[in-house]
Amino acid sequence: MSTRLDQIQESTLEHSLYVVSVLGLASVFSIALGVLTRRSVLARELSLAITSVFLTLPALALFTIFIPLVGLGFAPSFIALFLYSLLPILRNTITGLDGIDSSVLDAAKGMGLTSRQVLLRIQLPLAWPVILAGIRVSSMLIVGVAAIATLVAGGGLGDFIKSGLARLPLPNSLEAIWTGTLLCLVLALIIDLILQATKRATISRGIR
Amino acid sequence: MSQPLIRLENVSKAYPGTEAPAVGNLTMDVYEGEVLVLVGPSGCGKSTTLRLINRLIEPTAGRIYLHGEDVTDIDPSVLRRKIGYVIQQVGLFPHRTIAENIATVPKLLGWDKARINERIDEMLDLVSMDPAIYRDRYPKELSGGQAQRVGVARALAADPDVLLMDEPFGAIDPITRDRLQNEFLRLQQDLKKTIVFVTHDIDEAIKMGNRIAILREGSEIAQIDTPEVILSEPADEFVENFLGSGAILKGLTLKKVRDIDLHDIPALEMPVLRDEALKVLENSPEKTAVLLDKDHRPLRWISEASLNRTTQPIEKSGKPITIDLQPEDTLQDALGVMLQSSVGMAVVVDRSGKYLGCCSIESLASMIISDSGGSATA
Amino acid sequence: MSVVTAPTVQRGNLAERLDLIVAPVFAGLLAIIGAAVLLYSDIDDTTRAILAPEKIQNQLVQTIILGFASSALVILIAIPIGIAVTRRGLPRLKNFLVDTLGLAQALPAYGLIVIFFSWFGAGINTVILALAVFSLLPVLRNTIVGLEQVDQAVIEAGRGMGYTKRQVLFEIELPLAVPVIIAGIRTAIVINIGMAALAFLVGGGGLGETINSGLKLDRNPAILIGAVLVAILALVFDFLGALAQRYLKPKGM
């Protein structure tokens, strides 16, 4: 039993690592992209269209297509999850920035803030709730999809599902499958709670 | 008095969880061929009352009669197909053409295609929109005023006896609203429908209504009578406050421009030669004339002085006419226009913009004076 | 595999046009990569066996059937529920459903398929059921949002003119909700085709079989071709969905 708990710990940690690292990088990337393309409709729509295509690609395909380039394991899994999580965050960054009352921006410029200051001090903070919502969507997405990492030797909670499947109908196989599945759900709930707490901590009461 | 066309008898509407009913024990009659305006402060329940008539809101107590028949419990959809309904935001079906929108109730009633097609054209003509142009357009291509015209056309398509209108001109700019009100009054003269009209604007109520019901909270009737009586004998303080100060000024909305004697200012129709114009002006007592275009529409005020002062062609001399009045406009509207006019006069035009005559500030003033002298006995 | 993306609102002509261009371009790129792999990499006998045309063809068909069957099932369930739940008086049920299903998105599709396998045995039907559960949310949520964004004034006018509740639904609400609902169906189809790649795990066939063989036997070309094929398939259906969205929009919108 102790090895079992160890296994659970290890897999959960691996899975969490995927989610956190991917979300972290994807957030930075997508927000930057959203900010950089905010002035050009073409650039904006193009980025949205391309990241949207990533999301259209089948999970298994995205996980496996980079194998010839980067081998098995963590690398292809990370790349796939990264590409998946881009769209929700990007789209919400764009929507968030778009949705700011133009009179607020006008006032800011009128007071003498530079474009950069307006961006950092006003636009991003005001768009933050929407962006955070996008990050939440991405997180729900990748927690589920990350289970596939096991198929390319990437580890994670999918390992339980895989081993359970392989051992069916032996005893404990079903248990393993459910463990893997439900732990994903639990992880999702925990991440959701963390994001909610982040929301409360980082969003000014004036706009909640 | 003849039997009322619509009767609300002890009708109430209470919402669960709120103390005071939205409509409390209301009894109200609407007579055939009249325009009854429900007017009152926001939240008094006037819209609710209107919607009780076609049962978009079901009463919690009381009976509703249409043509003497109890319609409180019949199938509401059937009831509504006999009643025209016009709302402020119009609600045209965006995915259907204007023609299809207008054809809605006739189709529901099973009219045959030929009859429906004829009716569509008839209705568009009625609201002054060329069927050839507008039939196959979509609502998104229309302006606010045009959309509401179609709204009215749609409501009248199945020739209902009753029309319910909930702030129909509320979302429209004041100039267009005025136009639409006038057109609607002309329409009503021909069609003689029975209309219940809701507005929050007392001026609109006075202009449009044969009778006005001033409502308090809970849709309680503070006074229900003709505009003349309400203006001259307000029932209580609430009504007085609602009418606002200047009841005399409000009284100006009772008389229409067509009641004034129009001045016979000479009119010159293009093309016209300068010498001819000068001769006419010499003979005219005011030394002013109206220049019309070849469609008989007023363009400019021409005076002898302005002609002599310039070597410009006649179409560029004098002052341009920028505002006009229609016969259905009230004296209050006329006063407003007159104050903006640079010549102390305003042109009166018919529905197609053609010149009818002029209204001078003197004739307006004498009308007001004689009127206010006689208003106590109106 | 898109999943929890919120219903898209009309974003203007450029977005629409890009919608119809980017996916095919990508598919084309992938096809080129696939062709390059076929031509220039080391195709030994094992690989040839894995990539046998009849096999690939079968798997293609299986994937398509899986994608469509599960989508059809979802449409038949989710749209009526979406309609039912947006009728007056049921806001709490609606919120409850949307929240619960939202959470269900975090359940790994992989896990769901295997669990269903343990209940219902091997085969296509199992996968269809599992996929249906997984793609329920986009269609349900889009149906709900689509119906709720219909202008209330239009509905009020319709009722006021004498349309029965049923007529209001079919003549006004549904036609005006179609663009958003179709967007949801498109998402569901793409998800299902994508997830159908996992069907091989439980004896459901599909192109995942090729990828898996490639993984097991360590043949990169097979992995790539399999991945490319199923990706192109998903893009093709996404493109068809984009066409449907564009051309099934009611005129006058």
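Letters A, B and C mark the chains in the order given here, with residues in each chain numbered from 1 onward.
What we mean here is this: a contact is a pair of C-beta atoms (placed from the backbone, for glycine too) under 8 Å apart; a residue touches a chain by one contact, two chains touch by 3 or more.
If you're wondering where the values come from, they're calculated on a predicted model, not measured in any experiment.
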Chain with minimal offset from the mean of all protein Cα atoms: C
Which two chains share the largest set of C-beta contact pairs: A-C
Inter-chain centre distance, chain A versus chain C - centres from mean C-alpha coordinates, in Å: 20
Whole-Å gap between the CA centroids of chain A and chain B: 59
Inter-chain centre distance, chain B versus chain C - centres from mean C-alpha coordinates, in Å: 54
Touching residues on chain C, where the partner in the complex is chain A: 1-6, 11, 14-15, 18-19, 21-23, 26, 102-103, 105-112, 114-115, 117-118, 190, 193-198, 201-202, 208, 211-212, 214-215, 220, 223-224, 226-228, 230-231, 233-235, 238
Of all residues in chain B, those that touch chain C in their complex: 54, 56, 77-82, 85, 87-97, 104-105, 108, 138-140, 151, 154-155, 164
Of all residues in chain C, those that touch chain B in their complex: 151, 153-164, 167, 172, 175-176, 250-253
Touching residues on chain A, where the partner in the complex is chain C: 41-42, 45-46, 48-50, 52-53, 55-62, 64-65, 67-68, 84, 87-88, 91, 137, 140-141, 143-148, 150-152, 157-158, 161, 164-165, 168-169, 174, 177-178, 180-181, 184-185, 187-189
